[in-house]
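What follows is chain A paired twice: with chain B in the first complex and chain C in the second.
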Partner chain A sequence: MTDTNPERTDGGTVTDDHGHDFPGTGSIKRWFVTTNHKDVGILYIVTSLFFLVLGGVLAWLMRIQLLVPRGPGETILGPLAYNQAVSAHGLLMVFWFLSPFAFGFANYIVPLQMGAKDLAFPRLNALSYWLYLFSGILFGVSFFQGGTFSGGWTMYAPLSVPTFTPDVGASTAVLALVLFVASVTVSSVNFLTTMHRMRAEGLTLRSLPLFSWTILLTVWMMLFAFAALLAALLVLSSDRLLGTTYFAMESPAGALLWTHLFWFFGHPEVYIVFFPALGVMAEVFQTFTGRRIVGRKWFIIAMVLVAIQSFAVWMHHMFLTSINLQVKTLFMITTIGISLPFDLMVFALIYTMLKGKIRFTTPFLFVFGALLLFIIGGITGVFLGAVVLDYEFRGTYWVVAHFHYVMVGGVTALVGGLYYWFPKMTGRMYDEFLGKVHFAIYFVGFNLLYFPLFVAWETPRRVFDYAPELAPWHQLATVGGFVLGLSFLVMFYNLFKSAFVGDPAPDNPWEYAHTAEWAVPSPPPLENFDGTPTYRNGHLEVIEAGEIAPRRDRSDTPAGSSVSADGGIAASSKTAVSTELPTVESTAVEGPSHASIWPFVLSLGAFLVLLGLSPLQEAAFPSGMAGAAYATTAVGGGVVTLGSLVAMGLEPFHGPVFEEGEAWPFSGIDNGKVGMWIFLASDVVLFGGFIGAYVFTRFAFGWTGWEPIPSDPIPGLVNTYILLTSSFTVVLALVAAEKQHKGALVTSLGATFVLGIGFLVNKGLEWQHLFHEGIWLSTNVRSSTFFLTTGLHAAHVIAGLIIALYLTARAWRGAYLEDSRSVEYFGLYWHFVDIVWLFLFPLFYIL
Partner chain B sequence: MVSTKLYTAIYAVLFVSATIQVLVEFAGLNYWLAFGVIMVLSAAKAVLVAAYFQHLRFEPRSLTYLVSIGLIAALALTLAASYSLL
Partner chain C sequence: MVMARGFGSSVPLQSGIVPRGSRAVVFDSIFEVFLLLGTLVGVVVLGYMLYNAYKYRFGSGNGDFDEADRLTVGELPTGGGGGRKLFTSFFMSMVIVVSLISWTYLTLLYVEEGPSAEDSLHVEVEGYQFGWRFTYPNGHTTDGVLRVPADKPVRLTLTSADVFHNFGIPALRVKSDAIPGQETETWFTANETGTYTAQCYELCGAGHSFMSAEVIVMPPDEYEAWYESTNGTQSSENTSAIHSADTNALQPTAPANAGRLTEVVV
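And now, the complex of A and B:
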């Protein structure tokens, strides 16, 4: 963005005290290999703004269609095209614009605010970005495969199964979401590890800046909520591609199952997109009123409460389904409960303004506007939380208007955040006058667009026709839509021009800004601080590099915990060589580098795999050339994915040097181990979603009338024995590594691998047997749940075997005797897979 | 931390209790009684694996809480969703 800026200090080799080969920001290569959190932040912001434009154009198409009430196909959009535009607009804006936009700021700002040099796992951070970008590209591809998904952004069943949405593009859109969730999961693990483990000394959670607080709570919600979404999406993908029948019309409560899984994710998602905006509001309010937020402690407590409560309100999206009245009442109560902490937050913000002295800069105008919009959006939402009122409002434009006031209200605050942090990111000031012009047009356009929708609330949602007497309101909204959209031209012009020729920005252009990002140059140097930041004495100090213990001066030997953690299977020894890729015996190579191309390549591989799988139906590729091309793409993508995983594991990589700091509640545990456990916690929810779907479906079917699919539990019992034994051999491997017995280590790891293969062979025979009996995934919902749930488990076993094979090969060459952590982390994963089987076995074989 | 001997003993217990689960199935007990016994055995095995093989017993308690949160979320979803059908 700002490569011509002479003040720029993070241009690679200029101030780079490690002397590693890292291209400058002007080089295209830099942006493909970077793992630096600030670069990744900028990539996120730029990419998300692209998706804003794409989603916005789709919205314009809809608004043009709605200019006058007209029947299907009477204007630019045919009926199916309209449905696609509605669905894609919702999906793109919620997933590919809103959250990633916020995570651009999170990437850039949070490590600065907490005094870290980077995130805990920089390559995984780059991986998150590339997975996100490629998931967006995959979604784009879906438009060209006969049309993208057209069943609404909530993807309600059974509209979402191929019977009703048969296009290949609809499957691709679902797969794009799967890839997006992979990105989110990697990102959540990374942020949680970083934020809990790598805060500067003295920076307790209590004193953490509010923006970082909102991000912390957001990633906690993401970790569990997106795991539930992943379960839902994998089941849906399987229904679409493999022919399982979870959501089919004939399945018991299939449509209801989707709503439970989706909204268990979907309600926390509302706060996942809104919390970062709240954080921006809090920061900007404090800076431009010159006052610390009123009731800071209570503000934080209120946010924590909301984050927890957000998992207990999901059925208020289901008041018009067949769920019973008792549970509706219960969820009405919890919904009213969750509005209370928000009242506290809103009053804290208002009172902060009253007590302070306001400076009406562009960022302040945007967040102040956001507060007003959020109040309207929040109050109109309370109507929907009441069961009786929801009977009337559900499926109308009241809902549409309400959540646009909330979500786009959040966008308003984030736009304020963009102006607020722009000087920090580019080292240039934006044009204040144009900023205010943008706000004025934006705010008028916003209300012109969304307020009439409240008035025209009787319009049915997602439908391209409406009652003629509502036409004036829809025309107002269409005008507003164009005003709102065009206001962004002012912003793009302003920011683009200012990035090159704006006035140079000082470290802290805002006078009363107190958080740590304003204590470093604009833009900050590559490693953020010239030494070790500390809050030991209650305020930020940076201790010079030479003043502290010898930890830091050996930058080529990353100290302590951060070494191997990235990817869990990295090398761990000293002698720095070059950045060239080492060969397999690279245990001895730990080259210092900030750069890695593998996150990009890995994401490309994953993209190709999913694109290749997209035309599957009933587990078969279409016949002819197209099918062969798709199959080749999938296989090629698989090779690229595997290859880049191995390359990433072997690559010498210089992670951030870990300083002693605040690490509650995970002090004394390695970053790598914390990351692994956080990942496993999300995997618990993934399997929980699958097992929950099974229990729910069986319950709807009639529990005791449901016969297990395998008529004989003995093959399952044999597999239980095999898995238990393999867990035991992994334990023995760790014992051997700790005792530095190379032979025993290799034997135990090798035995684990062989046992895993045995498990798969036994399972394969069992499945083969069932297929011969004519039992297939699509036979009925019993067989669907059996094959898919045990299949997901088998996929985990296969992933584990790939890692086991890698570890065995490395151990053969003498790795892990000095540092057994990789074996330990693999063990944590493998035992988890074992534990899952301990429940799958009785549920699917015995009971 | 833990001797190989203890690991071996735990492995034996896991092996035996898996066998018992199938024997319970064949014993012809009342369905819900058998259900209870089998699920309790599964839970006990899971706790053993987590506590010793994943050595959660010897880690700071925060890791146990972390996994428990995931477990509670999954159980809440399962139970509340199933209850909503009644």
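And now, the complex of A and C:
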């Protein structure tokens, strides 16, 4: 790697050094400033393995508790401590281990497979990682604030509100999840833009390698599912911190509302964590059987069907709630429907082995084992699809055993992926013998742990006082848990040692591997390919720069100017909107030299804000020193967050230069614009979640008996006009920028800003008026929905105004006249915020 | 028993193919079929997989792929042959799954309809942190003990006083969510007298592991006698007994249970 230049602290300021300001991999600094997808991938993998260990230790504590049935007073962990262990284990494994582990591979491998030099927005990629890491740290902090969240990973209401779980740590855990979702959203926007826009020429979606396909579908599901979770978590945070009463015990439908919101996210989440494992299986099966996958087209179609349908099965988690027979029937059908495509995929993998030359290397053993486990998980899942059986399995270890076979079955495949790509990532081979030893211990431990749970299925979940005759099975499971956990020691030893002293790995250590990552050196150079990869002749070729005429449908990519504008949303909970523009140097220099410390600092700031807000109850800090310290942390964090957003916006940053190849369906549309559209799509789901929650609550309350909170609709009406006018001024600003009329641009942007301020002032007066009438957030569920939903909209307006202010200041100094795209993207966002208001105004003021 | 024939209902009897009877009978017969078929399918599929993995292992000489057609680095991914076999297997698995589920659906219709209101005893169940409260048609309320007559269908209406609970009597195969602000319904018939345990199946706080109740299935005449004796005691003092011992002298097990709870709560 290149040498370190210790003088520079915010790399990437020099345009003509091809990565020479990029610290070497041996330097600690490298890992704080890197935005390279391969570095970020490795960071993800290492961090997720840390959370695997943490979640695993919690599982061990539970298994020790379960050695014998424990009556009151006979416990090792107290009842609440046990509940915390159960909850934190689930949350850590699902959120902080499984998906990030898979996304480590996605970061590293997907750009290579699709012939890109990096992701579309490298700094946002680094930002995703740092937000993820800090969300994990925040979750860790929650253990020390009186105890972490103890209401289960499903966080059922109203146990999740402070009436029943009053510890500060419980709030912190929820906020940590909010930060995690921010990371996921940034990452989803980035991956979707990259994968739709930056494929090599000739690499159509149909011929995308299967691992990349699984990631593409995973990310689409993530974009929408996590937006729904964000809505749920924001409402829950508000209930915990501000005192709204959506989920309160007295709320007519609070408990049911949460189950809908959570499972609307929760079921796609199952496929979100499993799909990447499926992709690893498909790649490793092909490589080590030496055969192309059977029925590839149908495999892909099956996955697409699952991805779409995953949003229509959530109520099968709620068969015993008060939903009626018709709904149960519908969801039983969709559930069975979604299981069938998996049959096809499993058979496709099995038949791929036929007539092959199967080599039982460590990756194949793990992936083969994963398929075995997944089949068992699948068969036991059919039991749950039969509603009559589901009635009895609900809340028992049958469910626990089933989803561990599926989920940890997926982990098994991902571990196979780790061995498979280890030589590519480190340039060294792992020890094959130790790898096989790991598999043997792992596979025995797995089945010893989870199979007895099927036998002992009558044990209620999350209970440690079970029927004594089941104790032998639980003891077997506990032994299995330790065997499974300890098997990872072999892996850690093997991989750690091999990373330094293993045999050097060739480009393609596996005969019959076919995807593009095996065509480049191990590890690949910073820019992946030493030219432009293309498949125009049906196979991968790398063409040197300049040899290929850039294929562009629109020639509006500016040359010479290098603008990088980040619009961001400040403060706590919303993801940063960002539009990093890939820029082309006038000298057409190949080689992105991008390093930036700001993703790290920004994430640190967000972490501090949320940590500072965690002890809020009823919108008030606790009294005394602790409260002051928390408040200071929040304010300090806010300053750091805003400051780093501005710094990131001003930083001259060079994204990857790419020749547009295959870009269906976004051909000819700028990356930044595509990214903004995708982000807004997730924002639609976020507001959809809020509006849905409002409608659901209002129905349960009695639609007609529900009076709108503002007795006077006039301020709302005035605000509608203000926002519509401001949409108009944003259009004017874009026109001015395109006509290169600086004065008009500054005036229009300034007018937009002033109108936005007018909107907020008007709203502030309205709220103050209501406050004086004694109506506030926590007054009742009607006022809660009003203030929170319109408040979320106001937060969007504030974020927009911060961007508008930044744009106005830059325009004043002459920016955007050459390249008006930043103004255009801001306009998209601003129009969206206005449209949302057009829905909120009738819903909350008139109906 | 009497109920095992099923209730006269709009659901057509499927000449004995569709399991009917108490919840336990229904569950056990379906579970048995699923276990049997599941094991069979599992053994066949896993066996086939392992057999072929062995058969086509490297060096076995059974793999016959053409070296000219081998996978090469950088090729555009395409699929291999074998589509017909894939669809045959897929179709078979679809038939098995869809027919199994459709079969259980008929039982679901039967279970959902439940016994008629006139034939059954109606009890209201309220979950709270951490116990169960039962209210009989005459207003009598007990805490921690549910008494029912054998062979008579029992309809339960469930709700919760605080957080999300789930009431289940595993031996009688009955279970339902108890949700604050909502009412759910379920039913069961106990054919054999004896004492059963009801438990909470949804994480509800520190006392979740110990949130149980006794279900005493009595001979019908004994039950009637007991029920008559409660008529005079339908006062409200019983309903206030949340953590204290149940005031009904006929329920000697309740105080022990309540005592367990207090330990947890404190």
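The rule is simple: the second predicted complex is superposed on the first by the 778 of 847 C-alpha atoms of A that agree within 3 Å, B and C clash if a C-alpha of one lies under 4 Å from a C-alpha of the other, contacts with A are read in each partner's own complex, and residues count from 1 in each chain.
Heads up, the rule we're going with is that a contact is a pair of C-beta atoms (placed from the backbone, for glycine too) under 8 Å apart; a residue touches a chain by one contact, two chains touch by 3 or more.
The structure displayed is predicted, hence computed values, not measured ones.
In the superposition on chain A, A:Thr720 contacts chain B only, with no contact to chain C. Shared-chain residue A:Leu52: touches no atom of chain B or chain C. Once the two structures are overlaid, the count of chain A residues touched is higher for C than for its counterpart among chain B and chain C.
Of the two partner chains placed by the overlay, neither chain B nor chain C lies in contact with A:Leu602. In the superposed model, A:Leu838 makes contact with chain B only, not with chain C.
In the superposed model, A:Gly692 lies in contact with chain B only, and not with chain C.
Applying the stated contact rule after C-alpha superposition, one finds that A:Leu112 touches neither chain B nor chain C.
By the touch criterion stated above, A:Leu828 is placed in contact with chain B alone, chain C being left untouched.
Once chain A of one complex is fitted onto chain A of the other, the partner contacts of A:Ser682 are limited to chain B, with no touch recorded for chain C. Of the two partner chains placed by the overlay, neither chain B nor chain C lies in contact with A:Ala277.
The interface of chain A with chain B overlaps its interface with chain C at residues 253, 256, 700. Contact residues of chain B toward chain A in the complex are 4, 7-8, 11, 14-15, 18-19, 21-22, 25, 31, 34-35, 38-39, 41-42, 45-46, 49-50, 53-54, 59-60, 62-63, 65-67, 69-71, 73-78, 80-86. If you check the complex, the residues on chain A that touch chain B are 224, 227-228, 253, 256-257, 260-261, 264, 311-312, 315, 318, 323-324, 327, 665-669, 674, 677-678, 680-685, 687-689, 691-692, 695-696, 699-700, 704, 713-714, 717, 720-721, 724-725, 727-728, 730-732, 735, 827-828, 831-832, 834-835, 838-839, 841-842, 846-847. By the touch rule above, chain C contacts chain A in their complex via residues 26-27, 30-31, 34, 38, 41-42, 45-46, 48-49, 52-53, 56-59, 62-65, 70-83, 85-87, 89-90, 93-94, 97-98, 100-101, 104-105, 107-109, 111-112, 129, 160, 162-164, 166, 168, 170, 173, 175-177, 179-184, 199-210, 260, 263-264.
Contact residues of chain A toward chain C in the complex are 70-73, 78-80, 82-83, 86, 150-152, 156-159, 164, 202-203, 207-210, 249-256, 286-287, 289-299, 320-322, 325, 328-329, 332, 336, 339-340, 343-344, 346-348, 350-360, 368, 371-372, 375-376, 379-380, 382-383, 385-389, 391-392, 394-396, 458, 460-465, 507-508, 512-516, 518-519, 535, 538-541, 700.
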